[in-house]
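One structure coming up, written as structure tokens, with questions to follow.
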Amino acid sequence: MAAIITVKVQREPFDVSAETAALTRGSTAVGAVVTFTGICRGDENGEPIAALTLEHYPGMAEAEIEGHVAEAAQRWPLIGATVIHRFGRLVPGEDIMMVATASSHRAAAFAAADFLMDYLKTRAPFWKQVEKASGDTGREKIWVEAKADDDAAAARWAKPGRSDQAAE
Amino acid sequence: MAIKLRYFAWVRERVGKPDEEIELPAGIATIGELMTWLAGRGEEYAYAFENPKIIRAAIDRSHVKPQAAIAGAREIAFFPPMTGG
Amino acid sequence: MAAIITVKVQREPFDVSAETAALTRGSTAVGAVVTFTGICRGDENGEPIAALTLEHYPGMAEAEIEGHVAEAAQRWPLIGATVIHRFGRLVPGEDIMMVATASSHRAAAFAAADFLMDYLKTRAPFWKQVEKASGDTGREKIWVEAKADDDAAAARWAKPGRSDQAAE
Amino acid sequence: MAIKLRYFAWVRERVGKPDEEIELPAGIATIGELMTWLAGRGEEYAYAFENPKIIRAAIDRSHVKPQAAIAGAREIAFFPPMTGG
């Protein structure tokens, strides 16, 4: 049975519970749903921020995420998987992105969600810029730097002989 | 051969534009060679491509390595390591 | 900062999104929320079922789960963690239990949710009985057997010299 | 010493009751010894405790192993391996 895959890249907020309900509706084979929600924090590296702006590569972002979700559905017996990633300006407390995976058993749902997050962090063409909260005029804007931790996390999933799949 | 170049995040800011059309010069066969050539096009390009090792590239919306061949590409993008998720 | 811990053992349904919202409300330190929802499937070992009945040990169930959540909060930098486990008769499609974890970063939220699930499966005093759907009179009721897979999953988290923490 | 015994799932079904009060006989010091003694109390107990290796126990609502000492216990529970979650 093919997994039901939903990928959206949008400026608007999303509703995790509505997306999760859509993922499980009409199926009594789903025994486990894992969701991950990434939220805009009020700080970056310990410094307070006023906002986060997400830039993305339209067209490539969707295609890249769809590729990752399709790979997850090949690796694990998923019944459905949903990824939504926002772009534009977000303030602390706002949702940035979500992943939801549905399977008959929990191990597959957990592993697929974890895998998707690691790949999204290092391979999906999105870039975060923070506006520092300090100072009241001409707020300083800084591009967030990629973390070595994220590359290491993504490398966990690389298959032997498929180094193109790992973070470079 | 006309190619569309796209720039994102600080590569875009340094180059000063989000995209442009270029005519690929003879002798430029790979992404790495294209970055070297772009770096020679002026101050803003030199700044954007001053450290090509940390710049990622995509050909027609697929990630590629610096040694990837350009032949047949319609759209080439340059950007910093991704920080989404 | 101490994690905000919520544990409920109840007959009533729960609302994952309301619980998750409560977990993140008023904090801009939360960057990652992971939820797991366990759902009553329509089959057990390939055979259709009409319902699942969950028996539990009142008092011990709450204490045992609270102990696991407190341990998770010691192992990982959690901002909050919620576990809700239902008991009584549930039909396919109904939620059985949920875990939600909130942290600044995703690795802690994922690991803590995964850990809690493995411990709940093997250490929380709940027992599932299925009513087979086959036959129209005198439905056969069968106690679900513990799975070796679950013990192996729980054993992943055992600390050296603390074998009492692993599934026996 | 009076102790409350509680049974869950198929242990409860086999014993035929959810709980009972017993007076702990002299010479019964551990959970394992208590299971052996219980198994000798009649057919239903013999059936419930026919395979003590797979039965789990808790003293005062904490998991314990068969070699755990009973001294001081107020409530002892017997049940199959857990299948919640």
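Think of it as A, B, C and D in the order they're written, each chain with its own count starting at 1.
Please note the rule applied: a residue touches a chain if its C-beta (ideal position, glycine included) is under 8 Å from a C-beta of that chain, and two chains touch if they have at least 3 such contacts.
Please read all numbers here as calculations on a predicted model, not as lab measurements.
Peer 1: Roughly how many whole angstrom separate the Cα centroids of chain C and chain D?
Peer 2: Chain C and chain D have C-alpha centres separated by 25 Å.
Peer 1: Can you compute the centre-to-centre distance for chain B and chain D, using the mean CA position of each chain? Integer Å is fine.
Peer 2: 72
Peer 1: At least two partner chains per residue is the criterion; list those residues in chain D.
Peer 2: Those would be 85.
Peer 1: Find every residue in chain A that makes contact with two or more other chains and list them.
Peer 2: 38, 106, 117
Peer 1: Specify the contact topology among the chains shown, as one of line, ring, star, complete or other.
Peer 2: line
Peer 1: Can you name every pair of chains that touch?
Peer 2: A-B, A-C, C-D
Peer 1: Looking at the complex, which residues from chain D come into contact with chain C?
Peer 2: Spelled out, the residues of chain D in touch with chain C are 6, 8-10, 12, 56, 58, 61-63, 65, 77, 79-85.
Peer 1: Please output the residues of chain C touching chain A within their complex, sorted ascending.
Peer 2: 15-17, 20, 24, 28-43, 92-93, 104, 106-107, 109-110, 113-114, 117, 149, 153
Peer 1: Which residues of chain C touch chain D in their complex?
Peer 2: 38, 54-57, 59-60, 63-64, 85, 96-97, 117, 120-129, 143-146, 150, 168
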